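Read from first to last, the chains carry the letters A, B, C and D; within each, the first residue is number 1.
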Amino acid sequence: MTIDSSALQQRFVSIRENKTFETFVIAVIIISALVIGAKTYTINAQVDLLFKILDITITLFFLSEIIIRMIADHSLKKFFSKGWNIFDFIIVTASLIPIDESEMALLGRLLRIFRVLRLVSIIPELRVLLNAFVTAIPRMVYVSVLMFIFFYIYAAMGSIFFSKINPELWDNITISMLTLFRVATFEDWTDVMYETMEVYPFSWIFYLTFIFIVAFVFLNMMIGIVLEVLQREHEKFDRETGEGEAGEVHWIREHTESMEQRMKSMEKMLINLQENKKSPSDPS
Amino acid sequence: MTIDSSALQQRFVSIRENKTFETFVIAVIIISALVIGAKTYTINAQVDLLFKILDITITLFFLSEIIIRMIADHSLKKFFSKGWNIFDFIIVTASLIPIDESEMALLGRLLRIFRVLRLVSIIPELRVLLNAFVTAIPRMVYVSVLMFIFFYIYAAMGSIFFSKINPELWDNITISMLTLFRVATFEDWTDVMYETMEVYPFSWIFYLTFIFIVAFVFLNMMIGIVLEVLQREHEKFDRETGEGEAGEVHWIREHTESMEQRMKSMEKMLINLQENKKSPSDPS
Amino acid sequence: MTIDSSALQQRFVSIRENKTFETFVIAVIIISALVIGAKTYTINAQVDLLFKILDITITLFFLSEIIIRMIADHSLKKFFSKGWNIFDFIIVTASLIPIDESEMALLGRLLRIFRVLRLVSIIPELRVLLNAFVTAIPRMVYVSVLMFIFFYIYAAMGSIFFSKINPELWDNITISMLTLFRVATFEDWTDVMYETMEVYPFSWIFYLTFIFIVAFVFLNMMIGIVLEVLQREHEKFDRETGEGEAGEVHWIREHTESMEQRMKSMEKMLINLQENKKSPSDPS
Amino acid sequence: MTIDSSALQQRFVSIRENKTFETFVIAVIIISALVIGAKTYTINAQVDLLFKILDITITLFFLSEIIIRMIADHSLKKFFSKGWNIFDFIIVTASLIPIDESEMALLGRLLRIFRVLRLVSIIPELRVLLNAFVTAIPRMVYVSVLMFIFFYIYAAMGSIFFSKINPELWDNITISMLTLFRVATFEDWTDVMYETMEVYPFSWIFYLTFIFIVAFVFLNMMIGIVLEVLQREHEKFDRETGEGEAGEVHWIREHTESMEQRMKSMEKMLINLQENKKSPSDPS
């Protein structure tokens, strides 16, 4: 029995590692994505039936694929230690819940959409890109908090002064923040400004300082962080391959280390020579 | 007496340094911010009373907190030497002024909004971010002056030629500059252009050169400065920790220094050896 | 006969290499471009005739130019091994097809437009720029795929929830993606949002997360890639000329190498000295 | 006489170098700029008279200032060798032409506006900024040419296919290029697209490829060039002051050079030692 299950596990590992199987999984994910897309068009009953059958087939395939990967990993703990596996598991099991009522159907369709994200977990190049993006998150959170504070202050000011002018844009702090986000994207922001300038002629100072602080400095800081992550990643690659400036610097560092070692030994020899010089001359 | 006050001071220092106290202050600032935000919604009399009581409590808490920090610092001079302390002091004392008339009430609410900025002074990561932003200011001022000169020139040209076409946009130099700022943000700038092109068919040259000069070069210069500050900060961090390219370069620099020192001593020994060689052989 | 053809070939090579000839070709391409541009204006019959004659002349000139270059290269294989040559050949031969019917005439005019691209293949500085752009393509493709996945997911969600609100914007996944691209460029995106917020008041979360993910992160990644390519190119140039930081690093690398070599030989000599020291003293 | 003129020249040099005089010139330029700005407001006759007197005073002051600088420089050739001096000379002499007719008055006012640019030539920090901008021009020209070629191709295509749909936007190649520039700035570009999509449903490909090529790649290239110029400038400053990474690299480079020199001399000494070793042992 144990030999049997071990052999099965071995087979499943080989299936998981199989290049053709991987390509097939990618193909199924793409088909699944196309079905989701096609469903947004008005379709006749026959095609709809075909899609239903396809959907069941895809769901079952994903189920078996995840079971294969679960068994291939030696323990469930190991399987669930990877974030992407948890993501896959939720997407697949959630698709199993039978959904026919209109309310739940919407949720079911929503879950099926997220299957497309599985492409990212399977194609390595995309995973690298997303990881770079995830690396930037911690620093981005602080920039976002700082940006949020400025948004909050300006939104509070906005809704105190402008709420009577146009309640649709400035009624309370939530709506005001949405309006300010719109101003930050330069979307018809002059319409917002000209309206309040009729009551407060100097309210352009409010908008201009806001745009300068938020759009110019903080957005650029975000750009800066993304660029930095990219550059850092690149540098790391350079150092490993020895190409580019960072690669050369790393080469120099290593060789400086060995040169210093060599110098130390040379110095010792010189000291030896000096002492030898003196010691033989002394007895003579 | 003096021992008493010194003990009190010591206690206040320990309160100020206390991590729980800091978290509590952050919590109070956030509550204060939420109250400001909540007030922008239409609220009934009961909630309004609650908010008034909350506001008095918060004001008193901030007052005692700032007094604690004042006493914890050994002298008022030391306290006021930090920019953020001055900022805190103004915000807190200004909140103490009783405000009930409609005119002053607005100012009072405005001052309370700025309390949110105290979050920046308390959370170190935000302080670092804001400092990076402040570091970039001197260079940004010169770019802004250069940008302002170009805005001024174009605005003067605009109001000379276009003021009769649309006085709302080009009546005088202030309005013209606002219109040009709008053009620089690409906000419905074609509407502005098509209008003047009916009278001056070649006025698109005015707008295109303006957009090229301001939007493409100067905005990018600003981006460049922000990025540079970020990079510089990062390099500094690298050099201190010894990580990354800048860290390696710093390592090499230091080791080159010690290698040179070692070489000098080796050279001396060699010269000694050479002279020893000659001198013992000469007398023989 | 063979001598004759070889002499002819030699003459063609010298024509191709001739600076004046190159300038003349550039001039003809520019004239060809101007004719294309001039044709978009309403022109009278006489000028139209002139343009037709000019067009035939230009086509014949391009034909002879390409034949000269074909013969100058020793074999057709060599000629067609360069991508730009294939491009030139297609543009020129396609222009030869007589076009008079309205349908084909459009295609003919379209092909003539692409002649302007020949400028890029002739001016070296432009070719370098375009090459830098082409170098960035592989990495850009992955970013585009990742961006496409996010667009697809959001478009599917959009057409599921919003198709009944405004079929013009959200009817199916293709239209939804176009609408989302519009949102990503900040083009009247608030109009799109306010419309759906009337039915789903929290749909602003949909737009804001989309804008944050796509506009802030992925667009910046694209910027990052372009900047990286530029920097890399610059570094390469620096290393070759020895200017700038990268140039200095390269200089150091090379000299560290030679220093290490020198050290090794010095060490050997020192070892020799030490052994000599011992060996002569031993026999004595 | 010659002594007199030489003394005068010396005095003029000292005036030109005088810090107070420089500040005074800056003040006059700013007043001149303010007068230009104030004139765009509707002003009564009295103020207008004041402005006229001010204008004459300023013109005369600038005239005497330029004469002082001309005499201070030893020859006219030296004076006119600096680009900014030529600029100043044109602005000042052009202001001397009496202008009272309505047509010429406009030109006169236009020339007076450009006086503001003199601020850039006087304040060194602004001159540095503008020089950085000028350094980037040659590379920017090639990017602009490449961008222009793409604009031209798309504009030609646009006016061939879309001129019948909306002649106001696509009538001829000039108008088409302006429309495409508008699309590149994302200004109501969807309105342009939706209009043509009614006739050619797939014309979104035209706009999307255009936006991708122009807005994403080429604009970013321009950003890249500006950033590069900034970085290069910064690196140069670093190398000179020895601060930052580039400064350290430069330090290492110099010390590697001296270390190599020292090594060469040490090697020579070692070779000497080895030969000495052999030579004295030989005769014995």
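Annotations for the structure displayed:
Just so it is clear, a contact is a pair of C-beta atoms (placed from the backbone, for glycine too) under 8 Å apart; a residue touches a chain by one contact, two chains touch by 3 or more.
Keep in mind that this is a model prediction, so the values were computed, not measured.
Chains touching both chain A and chain C: none.
Rotation angle for the C-alpha superposition of chain A on chain D: 180 degrees, rounded in steps of 5.
Comparing the contact residues of chain A and chain B by number shows a mostly separate set, under half of all numbers used being common to the two copies. Distance between Cα centroids is largest for the pairing of chain C with B. If each chain is reduced to the centroid of its CA atoms, chain B and chain C end up 39 Å from each other. A straight line joining the Cα centres of chain B and chain D is 28 Å long. In chain C, the positions touching at least two other chains are 186, 188, 223, 227, 245, 249, 252, 256, 259, 263, 266, 270, 273. Chains touching one another form the pairs A-B, A-C, B-D, C-D. Listed in rising order, the residues of chain A touching chain B in the complex are 142-143, 145-146, 149, 152-153, 155-157, 159-161, 163, 171-173, 176, 186, 188-190, 204, 208, 211, 216-217, 220-221, 223-225, 227-228, 232, 235, 239, 245-246, 249-250, 252-253, 256-257, 259-260, 263-264, 266-267, 270-271, 273-274, 277, 281. Residues of chain A touching chain C in their complex: 33, 36-37, 40-41, 106, 109-110, 113-114, 116-117, 119-120, 123, 125-126, 129-130, 132-133, 136, 178, 181-182, 185-188, 219, 222-223, 226-227, 230-231, 234, 244-245, 248-249, 251-252, 255-256, 258-259, 262-263, 265-266, 269-270, 272-273, 276, 280.
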